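Heads up, the next two complexes both have chain A, just with different partners, chain B and then chain C.
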Partner chain A sequence: METENFENKLIQMTKPEVSQLKHQDMLANAITKAKDKSVVSWWWLCIPLYIIATLLMKTFFIPGTTLISNIQKLTGKEMYSSVLFFFLLPIVFITINFISIRKIYLLSGNPKTVNFIFSIWFNAVVIIFSMLVILIYLLKI
Partner chain B sequence: MKLPWFKRIGIFYIPKSMIGWIMLLSGFIYAVYIFIDIDSRSHSVSDTLINFVFNLIIIGAVYSLIGYLTSRSDNPD
Partner chain C sequence: MTEIELLHRIRNNPEDFSDLFNLYYKPIFGYILRRTGDFDDTADIAANTFYNAFIHINNFSYKGISIKVWLYRIATNEVNLYFRQKQKTNSLFERFDLADKELFNNYLSEDRIELEMELQKHKQFLAVLEGLKTLPVKYQEVISLRYFEGKDYKEITEILNINEGTLKSLLSRGVEKLRKKCNQL
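Showing the complex of A and B:
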């Protein structure tokens, strides 16, 4: 009788299944964190980008001035804050977003290019704009 | 104080608790104050807008940083 019960129990038992892998959670978490970081980076990056946009407008409307001369004038007046917003912060953003992209890539294993680009496109945009800000800042040298 | 205060939707942090709403309201009141202050000293509409938008970006950047730091819950599990 006992053996029969045990056999019935064995028949009823199914293979233990894990509906969601821990690895999936880690990847989802990494993507969310990367998006959060890229959003904060973007807001702070808007400050130097806006200054560059206003300097471009100044170049356009005031004859005889160039973007480089305007940036030189700005960095002469605001030495420390210009280094902070045009050089140090963009370097920090590039580093943070690059690390986030690398983490997603490593956790994804061998991801399809389209899926991978879809999950990191905003981080890539932040990196590109950060590089642009540094490049424009270094033009004054 | 219990976290999270904010929830991220797109590139904006939306308040999720009373403290979050107080933060948003404070930022909004400060932005209005800045606008009135700049408007009283500026010479044209474009002068007002150019200076105000710059201040608005700074307020947004600080707000997003607060939102980022307080959008995680106390218990991640």
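Showing the complex of A and C:
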């Protein structure tokens, strides 16, 4: 009974209303001219990509070496930076991309599967690539 | 013009987003104001909501939910984020290329004065809102949409992407908690 009365009170009480917003037109104009200024730049991907590319090239051009042996050599020489580039950075990329996919899902309404996959394909590629880097790194252990 | 036609127009010409903005800015602004009770936070959250909508409009797929519901969903997420972080939002207006910043700030100040006066006219609402803000966000969002915005169950389930059973249970528990909070105030 008390709860019902309280519910009625919530429905009947007056609420503040927005009648007119003078800043509305200027804001509309500014938003339609805005560009996406995300702090996460995909250019950061270039760092691990560059290292992977050099290792792949070394494997390809220097006879008798394999990707695993090159990674082992690098981890022997540069223990801390190899953990950073082959383990921590990929984990950061995986996390950022999962958050990004979740954000796209929340912002997309109820997306069709095909549309959703089309929207997140790049994030998915980065996640798969990062997982591969971690896998290659763990293989040397 | 239907929402689907408007969506097609925006995809062809992004500047047509201003039509969508003008259609829904006021109701969304009102919804956020009735959740936060603070003009400056509302202005920031509302701008963030429409900025996110503008950036992601091409990802929106017209299936099952309307643009209006989608905007309420983004606004709800933004407000929840604001409550979870329990801090003031950073002014998004700095990011925008406003034609005349001084004029914009003047308009914003005039709107602030008017809406702060409007808020003060509804003391009972402000007292209930104070109690509501102490509850977990899952109760805040359902109570706000149901009793402050007057949305029906169908609309709320669409906005929050939950089923009707969950909604009814959240409402029933939330109202009881709010009643106790308001009695304490």
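Annotations for the structure displayed:
Please note the rule applied: the second predicted complex is superposed on the first by the 93 of 141 C-alpha atoms of A that agree within 3 Å, B and C clash if a C-alpha of one lies under 4 Å from a C-alpha of the other, contacts with A are read in each partner's own complex, and residues count from 1 in each chain.
The criterion applied here is as follows: contacts are C-beta pairs under 8 Å (C-beta built on N, C-alpha and C of every residue); 3 or more make two chains touch, one makes a residue touch a chain.
Just so you know, these numbers come straight off a predicted model, no measurement behind them.
With both structures placed on the common chain, the touch criterion links A:Q24 to chain C but leaves chain B unconnected.
Legend: residue contacts after superposition of the two complexes on their common chain; A:A34 is shown touching chain C, with no touch to chain B. Comparing chain C and chain B on the residues of chain A they touch gives the larger count to C. Applying the stated contact rule after C-alpha superposition, one finds that A:I104 touches chain C and leaves chain B untouched.
With both structures placed on the common chain, the touch criterion links A:S119 to chain C but leaves chain B unconnected.
In the superposed model, A:T54 makes contact with chain B only, not with chain C. Once chain A of one complex is fitted onto chain A of the other, the partner contacts of A:F6 are limited to chain C, with no touch recorded for chain B. Applying the stated contact rule after C-alpha superposition, one finds that A:M79 touches neither chain B nor chain C.
When the two complexes are laid over each other on chain A, chain A has residues 36-37 in contact with both chain B and chain C.
Per the touch definition, chain B reaches chain A in the complex via residues 8, 10-11, 50, 53-54, 57-58, 60-61, 64-65, 68, 71. Chain A makes touch with chain B in their complex at residues 35-37, 39-40, 42-44, 46-47, 50-51, 54.
By the touch criterion stated above, chain C contacts chain A in their complex at residues 14-15, 17-18, 21-22, 25-27, 29-30, 33-34, 43, 47, 50-56, 59-65, 69-70, 73-74, 77, 93, 95-100, 103-104, 107-108, 110-111, 114-115, 118-119, 121-122, 124-125, 128, 143, 147-148, 172, 175-176, 178-179, 182.
Contact residues of chain A toward chain C in the complex are 2-3, 6-7, 10-11, 13-34, 36-37, 104, 106-112, 115-116, 119.
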